[in-house]
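You will see subunit A twice below: alongside subunit B first, and alongside subunit C after that.
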Partner chain A sequence: MDKIFRVNMTDLTTRIEEVPAAWAGLGGRGLTSTIVSAEVPPTCHALGKNNKLVFAPGLLSGTAAASSGRMSCGAKSPLTGTIKESNAGGTTAQLFARMGIKALIIEGLPEEDKFYSLHLTTDGVSIAEETELLGKGNFAVIEAMEAKYDKKVGVMTIGSAGELKMASANISVKDPDSKIRSHGRGGMGAVMGSKKIKYITIDGAGATAVAIADPDKFKAAARVFAKAILDHPVSGEGLGTYGTNVLVNVLHEAGGLPTRNFRFGQYEGHDKISGETMHETIVARGGKPKHGCHAGCVIQCSQVYTDKEGKYVTSGFEYETIWGLGANCCIDNLDDIAEADSIMDDIGVDSIETAVMMGVAMDAGILPFGDGKEVIRLIKDEIGQGTPLGRIMGGGAASVGNAYGVTRVPVVKGQGIPAYDPRSVKGIGITYATSTMGADHTAGYSVATNILQIGGFVDPLKKEGQVELSRNLQIATAAIDSTGMCIFVAFPALDIPECLPALIDMLNARFGISLTGDDVTELGKNILKLERKFNQDAGFTNKHDRLPEFFQEPVPPHNATWDFTDEEIDAFWDF
Partner chain B sequence: MDKIFRVNMTDLTTRIEEVPAAWAGLGGRGLTSTIVSAEVPPTCHALGKNNKLVFAPGLLSGTAAASSGRMSCGAKSPLTGTIKESNAGGTTAQLFARMGIKALIIEGLPEEDKFYSLHLTTDGVSIAEETELLGKGNFAVIEAMEAKYDKKVGVMTIGSAGELKMASANISVKDPDSKIRSHGRGGMGAVMGSKKIKYITIDGAGATAVAIADPDKFKAAARVFAKAILDHPVSGEGLGTYGTNVLVNVLHEAGGLPTRNFRFGQYEGHDKISGETMHETIVARGGKPKHGCHAGCVIQCSQVYTDKEGKYVTSGFEYETIWGLGANCCIDNLDDIAEADSIMDDIGVDSIETAVMMGVAMDAGILPFGDGKEVIRLIKDEIGQGTPLGRIMGGGAASVGNAYGVTRVPVVKGQGIPAYDPRSVKGIGITYATSTMGADHTAGYSVATNILQIGGFVDPLKKEGQVELSRNLQIATAAIDSTGMCIFVAFPALDIPECLPALIDMLNARFGISLTGDDVTELGKNILKLERKFNQDAGFTNKHDRLPEFFQEPVPPHNATWDFTDEEIDAFWDF
Partner chain C sequence: MNITLKLFATFRQDRFKIEQRDYPDSILIRDIVAELGIELEACGIIMVNGRHALPEAPLKNDDTLSLFPKVGGG
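Our next item is the complex of A and B:
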């Protein structure tokens, strides 16, 4: 039977609890958001004693289901003030699931000014004081833990940004190659830092296979599901070849690639930072163009990017990061961006928030547009060292905007707007505005239908159909985020008729239940409503479901504006 | 006939407009809040093109009514995100009134990166580019303007903090002695800086006496009113002798003097910074213990504080500043606090916000508690120079809290909580929580009744009666803030039966109208509701009418906690 592992950092005690009946059918985002809603006062200080940090693997994590190894991390966000779920690949979701850990709940704050580590085994959690690795980067922590335990140990860790409780701090997760994946958005690393936990190790010894109620049915469904992923041109081909960075040229072509802090929709340097260029570079240098973020991933959108000497620089080198430091900061040097990405991984800051922040910093005059070397220096020496300027920058785009009086600050609910201009890709704008998470492209990735023509086509430049599109995708995503599945399974799910039924069959076969498609939709709706209720109780209203006023300016090449009325946006919640 | 002077900083045009009928009966806060509500989109960026900066003298400003020379400044606040009215003494309210300027409305933002000055005469406003005084302090601006025009010129100016659009930047106003009063709270200086106006000069040549409909009635009422102020022990005696700083010992005695960033209610160094000590020091050094902030003030709560050599250091040296750097930062050296006060005037930051911020900075470890010399250095060399640390500090208490991950941040709606512990002076806690302005003691000064036993007595340590007290005072204050009257006229108004009727008689005699006491109450209620509506339209809810969670900790010596339920607080708005 799965258990809840609970850690109280105030009195440094741990315990193992039964799973309450109401939580039994939940996993991933559905479970973290339910626990946060049940146990965290919505108006509490996100870095205070009343916030809780919750980790939960998805419902299918630990099984043989393809691409099911995503772990959800939830808390009240210090960046947005909203509820937050941030999921990541790596090895922890599968370890948790096989060890029978339904969720890890970390509450309270230590009385003393000391840091600690947590060590999870099937027997429970132990807490130890940590001194040696304080101030060290995430790569060093992973290396030290593998030396202390073994190559299989699971690690979740914060860098200096998390120790310093910066609102853009992420939680880094060891991936199958001992590199880094991230619970990136919303400052989950600051919450972990506030609880004075430098790292969490997971020892899977004694873990068993996840129980499957109907193994034959599961196996059959898993086969159909994996085939659907591989048959789809995007999840089966495009992402594996070019990574998510396939999108640079696609978005440039569509006029939706935010450039120079969202002034333009196309970037003249796009070719130099595109997925195609990246692929050629990786191949030429002997890197790894294809790579999974967790065992069992069949999409393999990650890669290993090496320098000219063939030395490892970074992996999980995503479109949003490359867009953010590339087009949006006008840096057309992929090596500079890769180096910055690696340092962001090491000090533990969200690469999207940091990239959006740099665009604002350039508008503030802190550094010139296009200066990749200075970006690297700022991340390493200012954010990484926690200087006053680093503190401002580590607070994210809104923090720089506030400190320097900049009005061109692309954020919603305090979170930086990613890589798709909401004026020329209007469906994603609805997602940014309405998501319970602040501006988050993964919350309802309408780019799929607006640009990639997956699941049909809704013209990105017209208002018609965008609210419905974003609503359907946000509902579906909330459900998918509960399964441990990678969001990219949505592509085949939208286009290949057998895919979604196979996913539901796997859930039913795993738990011996009989969910229908409607049940899954209902689950997604319930999660969104629960999250929205938390936000409302924290003081959020429809007035926060708005984009910054500068999006009323037209953006070339289409001269598109953000032209939804308040009523049109608010209709999102009519379900 | 009074006119509206309107300045458009986008196209650098100015014009004179008739006063719309709906605004005719309004002045001061009632008028600024009405104009901001009518013309500023509540969700706009406070430093963006859609915010407006509005100045309006009170309804009785410019007349012979005692203590009626307060000017209201209104806008959407960059500190709180709420509507804001901040009023100040000085010479501008009376100049505006006599020149027939009902209000000055400044809108738009310049296209070019240049600064400007405005010059007001009875003929209108002229705009000139300003280069020489950029980066200069407020004292230098006043000096330069008196040299350029004459001693009588009115001046409103921003220091480096306003130029840099810091959220704690104030607008400094020349007082009758060529020293400085401030539109202190809420970052009005940042709004002026965003509009790239370094200073505004007012040339009263050609101004006439304010028209009085019934001069005899006015004169008689004014006499009764002035006598009431002078007969009251606080407004007629205590404030004139010790200044507002009379409160240090009073609040210490009451256990409501927030000490060491709101950890204690008493300060062992209270004697060294008290009003009594200040009075003796000023007298011994040949300073000026009594001084009015505007011509016609009979309360004279200001003073001129000199150094050991008798050289001017500061004036308008208020209790809240002395409390903030004194008890709350544990600095028991009045000379250090006075020097800091003078520098804050010169660079143009709110001394309350800055003092509260320093307490948070001390908890963040930026400087030790008690280090007055470092406070001076930080204000001068960091905030004044706009270094990154100065930017963080210039953003106020919440900004430092965010940058350094501090949870003990005494703010409501982003504005620093002043000088009275809400746990042991509970009525003022209700004002902090519910005020439309963020934490603002002047919005409904229940300290009067809780501690000074003015207008009766409501036990400061008990919840009973506090909501009603704060409600009545906030309503009355909104009305008083519309007359141009100093808030301290509330003391005789609460205790001396003839006072309030005389104030209403003056309004009626001035305008030839027949307001009743109920009408004035109705005016106050309408202003509060209008302001609240703006805030709600900006996204504020009752969830923002709350104190930070650390106020649940008991505060010595009474071990009082903040124990109001949400429902009890929300009942404030039942009117």
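Our next item is the complex of A and C:
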């Protein structure tokens, strides 16, 4: 039977609890958001004693279902003040699921000014004081833990940014190659740092296979599902070849590639940072264009980027990071961006928040646009060292905007707006505005239908249909985020009719239940409503579901503006 | 009339990145796609001057036609 592992950092005790009946059918985001809603007072300080940090694997994690190894991490966010769920690959979701850990809940704050580590086994959690690895980067922590335990040990760790409770701090998760994936957005690393936990290790010894109620049915459904993923040109081939960075050229052509801190929709240096160029570079240098963030991913959008000498620089080199430091900061040098990406992983800051923040810092005059070397220095020597400037920058885009009096600050609910201009890709603008997470493209990826023509087509430059599109996608995403599936399964799910029923069949076969498509939609709706309720109780209203004022300015080349009325945006919640 | 053609991702293999070509005024997008030896079904995104377009659409002088296979990310 699955259990809840609970850790109290105030009195340094740990417990194993039965799973309450109400949580039994939940996993991933559905479970983290339910636990946070049930146990965290919405008005609490995100870094204070009443916030809780929750980890939960998805409902299908640990099974043979393709691309199902995503772990959800939830808490009240110190960046946005809203509820937060951030999911990541790596090895921990599968370990948790096979060890029967339904969720890990970390509560309280230690009284003494000491750091600790947690170690999870099938028998429970132990807490130890940590001194040696304080101030060390995430790569060093992973290396030390593999030396202490073995190659298979699961690791979740924070870098110096998390120790210093910076609002852009993330939680790094070891991937199957001992590199890093991240619970990136919303400052989950700061919450872990506030609880004075430097790292969490997971020893899967004694773990069993995940119980499947109807193995034959599961196998059949899993086969159909994997086939759908592989048959779809995007998940079956495109993502594996070019990674997500193929989008640089797509968004440039469409005029939706935010450039120079969201002044333009096209970037003259786009070709140099494009997915095509990156693919050629990786192949020429003997890197790996295709790589999975967890065992069992058949899409494999990740890659290993090497330097000119063929030495490892970074992996999981995403479009959002490359856009953010590339077009948005006008840095047309992939090697500089890759180096910055690696340092961000090491000190443990969200690469989207940091990239958006750098664009604001350039407008503030802290550094010039296009200065890749200075970006690297600022990340390493200011943020990484926790200097006063570094702490302002580590606080994210809004923090720099406040400190320097910048009005051009692309954030919603305090979180940096990612790689698609909401004026020329209007559906994603609705998602930024209304998401319970603050500006988050993954919450309802309207870009698929606005730009990529997946799941139909809704003209990105017109208002018609955008609210409905974003609503449907946000509902579906909340449900998918509960299964442990990577959100990229949405591409085949939107186009191939057998895909979603197969996913539901797997859930039913796993748990011996009989969910219908409508039940899954209901689940998605309930999660969104629960999260919104938390935010409302924390003081958020519909007036926070708005984009910054400067988006009223037209953005070239289409000279599109953000022109939704308040009523039009608020209609999102009519369900 | 003069048309700028831009190809992306796998469409570049054995073809080109960008080229200017001269076409009769009556040409449709689908004719150009066929001339390039690309299956229409393989086209994920067709854009003319940064706006999504249908294969049946005509073109005018100095248009830029961008062709992508089915790609995605996020």
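Note that in this section the second predicted complex is superposed on the first by the 575 of 575 C-alpha atoms of A that agree within 3 Å, B and C clash if a C-alpha of one lies under 4 Å from a C-alpha of the other, contacts with A are read in each partner's own complex, and residues count from 1 in each chain.
Just so it is clear, contacts are C-beta pairs under 8 Å (C-beta built on N, C-alpha and C of every residue); 3 or more make two chains touch, one makes a residue touch a chain.
Worth saying up front: this structure is predicted, and the values here are computed from it rather than measured.
Of the two partner chains placed by the overlay, only subunit C lies in contact with A:319; subunit B stays clear of it. Applying the stated contact rule after C-alpha superposition, one finds that A:255 touches subunit C and leaves subunit B untouched. In the superposition on chain A, contact is made by A:242 with subunit C only, not with subunit B. In the overlay built on the shared chain, the residue A:548 is in contact with subunit B alone; subunit C does not reach it. With both structures placed on the common chain, the touch criterion links A:362 to neither subunit B nor subunit C. Look at A:45: by the touch rule set out above, it reaches subunit B but stays clear of subunit C. When the shared chain is aligned, no partner comes close enough to touch A:202: not subunit B, not subunit C. Here subunit B touches subunit A in the complex through residues 41-45, 47-48, 50, 78, 164-167, 190, 193-194, 387-389, 391-392, 395, 399, 402-405, 407, 537-541, 543-544, 546, 548-550, going by the rule given at the top.
In the complex of the two chains, the subunit C residues touching subunit A come out as 6, 8-10, 12, 17, 44-45, 47, 50-52, 66, 68-74. Touching subunit C in their complex are the following residues of subunit A: 232-235, 238-239, 241-247, 249-250, 253-255, 271, 275-276, 301, 319, 441-442, 445, 447-448, 451-454, 457, 459-461, 487-488, 491, 557-558.
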